Amino acid sequence: MHIRLINPNSTASMTNQALESALRVANAATHVSAVNPTRTPVSIEGSADEALAVPDMLSEIRKGEREGVDAYVIACFDDPGLHAAREVAKGPVIGICQAAVQVAMTISRRFSVVTTLPRSVPIIEDIVQAYGAGHHCRAVHAIDLPVLGLEEDPETAERLLVETIERAKLYDRAEAIILGCAGMSSLCDRLAKATGVPVIDGVTAALKIAEALVGAGYVTSKVNAYDFPRQKGPAPADVDLPLIAANS
Amino acid sequence: MHIRLINPNSTASMTNQALESALRVANAATHVSAVNPTRTPVSIEGSADEALAVPDMLSEIRKGEREGVDAYVIACFDDPGLHAAREVAKGPVIGICQAAVQVAMTISRRFSVVTTLPRSVPIIEDIVQAYGAGHHCRAVHAIDLPVLGLEEDPETAERLLVETIERAKLYDRAEAIILGCAGMSSLCDRLAKATGVPVIDGVTAALKIAEALVGAGYVTSKVNAYDFPRQKGPAPADVDLPLIAANS
Amino acid sequence: MHIRLINPNSTASMTNQALESALRVANAATHVSAVNPTRTPVSIEGSADEALAVPDMLSEIRKGEREGVDAYVIACFDDPGLHAAREVAKGPVIGICQAAVQVAMTISRRFSVVTTLPRSVPIIEDIVQAYGAGHHCRAVHAIDLPVLGLEEDPETAERLLVETIERAKLYDRAEAIILGCAGMSSLCDRLAKATGVPVIDGVTAALKIAEALVGAGYVTSKVNAYDFPRQKGPAPADVDLPLIAANS
Amino acid sequence: MHIRLINPNSTASMTNQALESALRVANAATHVSAVNPTRTPVSIEGSADEALAVPDMLSEIRKGEREGVDAYVIACFDDPGLHAAREVAKGPVIGICQAAVQVAMTISRRFSVVTTLPRSVPIIEDIVQAYGAGHHCRAVHAIDLPVLGLEEDPETAERLLVETIERAKLYDRAEAIILGCAGMSSLCDRLAKATGVPVIDGVTAALKIAEALVGAGYVTSKVNAYDFPRQKGPAPADVDLPLIAANS
Amino acid sequence: MHIRLINPNSTASMTNQALESALRVANAATHVSAVNPTRTPVSIEGSADEALAVPDMLSEIRKGEREGVDAYVIACFDDPGLHAAREVAKGPVIGICQAAVQVAMTISRRFSVVTTLPRSVPIIEDIVQAYGAGHHCRAVHAIDLPVLGLEEDPETAERLLVETIERAKLYDRAEAIILGCAGMSSLCDRLAKATGVPVIDGVTAALKIAEALVGAGYVTSKVNAYDFPRQKGPAPADVDLPLIAANS
Amino acid sequence: MHIRLINPNSTASMTNQALESALRVANAATHVSAVNPTRTPVSIEGSADEALAVPDMLSEIRKGEREGVDAYVIACFDDPGLHAAREVAKGPVIGICQAAVQVAMTISRRFSVVTTLPRSVPIIEDIVQAYGAGHHCRAVHAIDLPVLGLEEDPETAERLLVETIERAKLYDRAEAIILGCAGMSSLCDRLAKATGVPVIDGVTAALKIAEALVGAGYVTSKVNAYDFPRQKGPAPADVDLPLIAANS
């Protein structure tokens, strides 16, 4: 089976890191490939960054469909364009936040999330809520470091993450920790060891769930919401207005 | 004050219809303009269509910011890119679904939504839920006509809408009806008259709420989530992989 | 259009303050009037105070209906008698809490509320929840000052409000603040300036939303729940018991 | 112990009916009395009726406090003024809707409510939701008969109730039925017999729960929300405006 | 009427304590008996302990049914096997957590729970949520003492409980406290006196609610979910596999 | 890796069926074994059946731990004893309902469940709600056939299932169907083919998710709730009461 990781941002080192995390756990029989668009933001920090990344991400999925890819992992914790991607793909599309949440709800009763920037906190809270895990998620914490700061200053990143996880254990009574950014993937094992609490990296979780779904023969339902987008003709040319201004 | 309607799809006749709806209710002192991107899908039917429309919609907002626009209305009922738009804009950005829901929750205790295609039903249910109106929304119904069918066959559209609204009155005990597509805007008054129940067009609702917010001096909070997107440099060039394939 | 503010308590200086806040933002073409009953509690601090104020408030609405008032603003943050008022009125009736919450959900992703007395905290939490904003509201805080204390000791009130808002910014990561008492209305701009976070006064918000709804032609739905109260005859006189005592 | 039923409407025959229902189940040692205000609506059909009934209902509670009443039952299914009454009373105040819901959640997993008028359906749905039973309540049905119609045409009422309960059994798979109006109290046993499903009358339920709470020594918490209303002086006389009109 | 307390664990001193709490408040006409299985865990600390206790607890209910017991109280705060017990019993089965929550929602607007071990916190949160009280419950706190520690070191237990309740009053603004363990029952009055906040012991609450339900004639609904378990024959003997191992 | 299916009921043919379903999708490297206790009910139809099955199911897990089993699948759709099993096991324990729900939320936006007996409907609704999928689950339907009826009359079972799934497609607009009973496992592919909608069998889903979690190295968190049960000594022998009766 062929699973493709798509890092929606254009920072190839993050794509590489995600690929490495995936390869560490992939089955021998699984072919894993990883791509990133080249014109999207260098990191996804907020909803506008997400929006700018999604069309090129969908192009990657269309490309993957032509190549016979069996399932996709969207390697960005905000799960940008997840519903859209599922409309475009035939096989399963796994978001790393949703995958991590599903794992956390299976191996613990309460978890917390640790992410990079405070501005991502409400975004993550909203998708965790939409995935039905609002009751099980104690808190979403931010270490207040930009996404690329994880690569630029890994020592500071690791120190801040350990401190935040320790606080989440103590004050949230978190029983598992979800890493709220694909760029934290390579720190996962070290953080688990340092803190003694299960730490869940979404890339790892998503890759294994993708394998599971393909292995069981599940594909994205094409009944109703996730059906392929309808092919539509060009816009009716009856009017012509790049900018319509009125009553001024 | 200057309010700009942005129709995220590229069908100018729909932009025109939205503008007409807005002008019918705008204050004399309000300058209303309307635009649509030209490269986006001709209609928004599902999450993939949404995703393809948002970046150009954000460009329109950036253009509006340079022109001193005070507030924006996103004239598509799925409220595509609403959070992203709010990060980019200084003034308020109003989604027509959220606006219609807020009006419905003010003038009734229970409402139903009538939209075009069945595939949009879960999308609308999800945003209605996210806006906190899940408990107040009796149901989202679809007349099973494509968005552009509203313009191509207005008689059928109107007939199906009247029938669906009558059923919602009877079986849902809906006290107000929200039109779940910007392209139904021009039918609003006729539907209200035909069915005797308040019918809410999101474009109208959003325009008036935009006026209200600008009039009161409210702008989008730039504290945390809706702060402007951070300017980021180019991606680190340390790696170079359009397609990384491994363990295959 | 004629919009009437009704301050449900009998403290005319608070009515005046609300009127001033409304006039600061009202459209030139809007006629704003303000009234308060004279026999109701001097301030609304809890559910019993609310209950005692509502019948006279409904009388004011009946009076307004005879005078052709187009919409009403209930200028008390607990939104007392909001559903009842909507049954009585033909035009829209806006509660200042619901209006403030709708604005907050439009210009921010997370907000906190700051009110006067701790006893009002659960009351406000419950209506915020009923308005569907429980997920978006970080916390409701009390400065522990009676309502009339806002007028009697404005320096202390302002100091306590600034301190509480600063804490809400820091610990709640609140992106907007709602003032949880009509009596705080006049402090709104000073608080926003002092703290750098958008501060929403419900009176202002409600007035503008009332204008918006009237401007769009929306009236309260008379289908089902908000229909006018049925006129009923006198009670059946078949029994006669001011106090029935039994089995004692 | 002395438990007082307060029927908030002014129809003494309904007060009598409630008293009879209570006496059928009261412990021998319980003194039950029943009162109704004389100036309130003859029936409670909607939120405005509720609002008009509550102040006089609170007066009855104040009177009861002077007489040493131990607990109160509010004998109207909308539980009007329940929070207010709890602020005024020292002992427990039981709403018949909340009591019926608590019984239903104890003896069944899913229940439905059958009430009189359709306009009460959203009101009941909202309080059932606020009591935390939204998930357990299959539906609220209305037989479309005014409250006093229960007394005026008991045969029709009983027939409509049996039909509605049978449908709730079949289509809702309701495991218990709550009678959504105090005026249905006397029909409870006949309906249970006719339909073979447990039927819960709120008056009965509330009386027994009131006995239970008094018997265990529970009183209403006076910590925070339900504390007695603060005694406040007259309104500050610094302004004088029965009707303030401005900018017109 | 005959009400039987069943302590699911095998520690008879706890059974005795529960019986004493019940007898303090039982009506003179109520026959209260108390039992505990003898092979179950000595205390219920977590879901596995619960599971091991339930079958013998159900046997006690079957025994009670043969003896004509009218209602049962499950005297363990996790309400283990509550749904199962209701399937087996004809009369009402009351869980002490559910009973305490119902009382707390009647005499206060917000409550907190104080239990023994941290591992029980998510269990209690989950059932409080399932009972519909998630919104009304401020927090579940643990004093970090094993269940039997309550008996072994009552001074420490009482000191920790007082401290925790004081914190809940101050920081949660809890208006009532629920004791989250049957073994705290005998401390209830002392804790209430020491802290000045209503303290609810579930055993007491459940006994009184059981009396109330029996007194009103309510029995467990046998329509659908709580119907008696179907008598089933032995397993089909067509296969025979204590351990099936395959593809290894 | 070694994954063990535990069928909590004692019907070996159902264990066999589950094993076959698992083997059809298991990775070549996965050792799958299947067991069932011999003294538990022949089928799980309701909460009492569940309760009686769990202790022996936990014994099977303890046995599995000694044999080095890596993960467990509980092959009964009510997920009986899931939390308890996770306390006892070191590796992941997967419930087939939770697994099916997670798959359904990944490949569709809305799903329905089809189970055997009506009495299981509220049980399944409650766990689906607890897993956070209440919003995504359209309905739980029952074909009104006992669990063992699936084996005794497979033609009728299949016909009823096809009819119910067709109705769920039409009226619920279900985009995926979950089979709500382990005993339907072998029908999964035929049902999907007959109805054209993805049909999810929980045994298959759970086996693959178990493989995924073990493959990624996830184990059950032993921090707090799912920690191993504490070893406790015998009960204090200070009292001796098989049956305490008092005040009678």
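Letters A, B, C, D, E and F name the chains as they come in the text, with residue numbers starting at 1 for each one.
One rule holds for everything that comes next: contacts are C-beta pairs under 8 Å (C-beta built on N, C-alpha and C of every residue); 3 or more make two chains touch, one makes a residue touch a chain.
The chain list, named the UniProt way, goes like this: A, B, C, D, E, F = Hydantoin racemase.
The structure presented is a predicted model; accordingly, all values stated were derived computationally and were not measured.
K.L.:
Walk from chain A (Hydantoin racemase) over to chain E (Hydantoin racemase) along touching chains and report the minimum step count.
P.N.:
The least step count works out to 1.
K.L.:
Could you run down the chains that neighbour chain C (Hydantoin racemase) and chain D (Hydantoin racemase) together?
P.N.:
The shared contacts of chain C (Hydantoin racemase) and chain D (Hydantoin racemase), listed by label, come to B, E.
K.L.:
Quick check on the interfaces: A-E is repeated by which of B-D, C-D or D-E, going by over half of contact pairs matching?
P.N.:
B-D
K.L.:
Weigh B-F against A-F on C-beta contact pairs and write down the one with more.
P.N.:
Contact tally favours A-F.
K.L.:
On a C-alpha centroid basis, what's the spacing between chain B (Hydantoin racemase) and chain E (Hydantoin racemase), in Å?
P.N.:
50
K.L.:
State, to the nearest whole Å, the distance from the C-alpha centre of chain D (Hydantoin racemase) to the C-alpha centre of chain F (Hydantoin racemase).
P.N.:
Here the centre of chain F (Hydantoin racemase) sits 42 Å away from the centre of chain D (Hydantoin racemase).
K.L.:
Where does chain D (Hydantoin racemase) touch two or more other chains at once, residue-wise?
P.N.:
83, 86, 109-110, 118, 121-123, 126, 134-135, 173, 175, 224-225
K.L.:
If I apply the definition of touch given earlier, which pairs of chains qualify?
P.N.:
A-B, A-C, A-E, A-F, B-C, B-D, B-F, C-D, C-E, D-E, D-F, E-F
K.L.:
State the interface residues of chain E (Hydantoin racemase) toward chain F (Hydantoin racemase) in the complex, per the touch definition above.
P.N.:
2, 9-13, 15-16, 19, 23, 26, 28, 30-36, 38, 41-43, 45-52, 54-55, 58, 81, 83-88, 118-119, 121-123, 126, 130, 146, 148, 151, 224-225, 227, 229-230, 232-236, 238-248
K.L.:
Can you list the chain E (Hydantoin racemase) residues touching chain D (Hydantoin racemase) in their complex?
P.N.:
The touching residues are 25, 27, 29, 83, 86, 92, 94, 98, 102-103, 105-110, 131-136, 169, 173-176, 196-198, 200, 204-205, 207-209, 211-213, 215-221, 223-226.
K.L.:
Can you list the residues on chain E (Hydantoin racemase) that touch chain A (Hydantoin racemase) in the complex?
P.N.:
For this pair, the touching residues of chain E (Hydantoin racemase) are 118, 121-123, 125-126, 129, 134.
K.L.:
Please output the residues of chain A (Hydantoin racemase) touching chain E (Hydantoin racemase) within their complex, sorted ascending.
P.N.:
Residue list for chain A (Hydantoin racemase) touching chain E (Hydantoin racemase): 109-110, 135, 173, 175.
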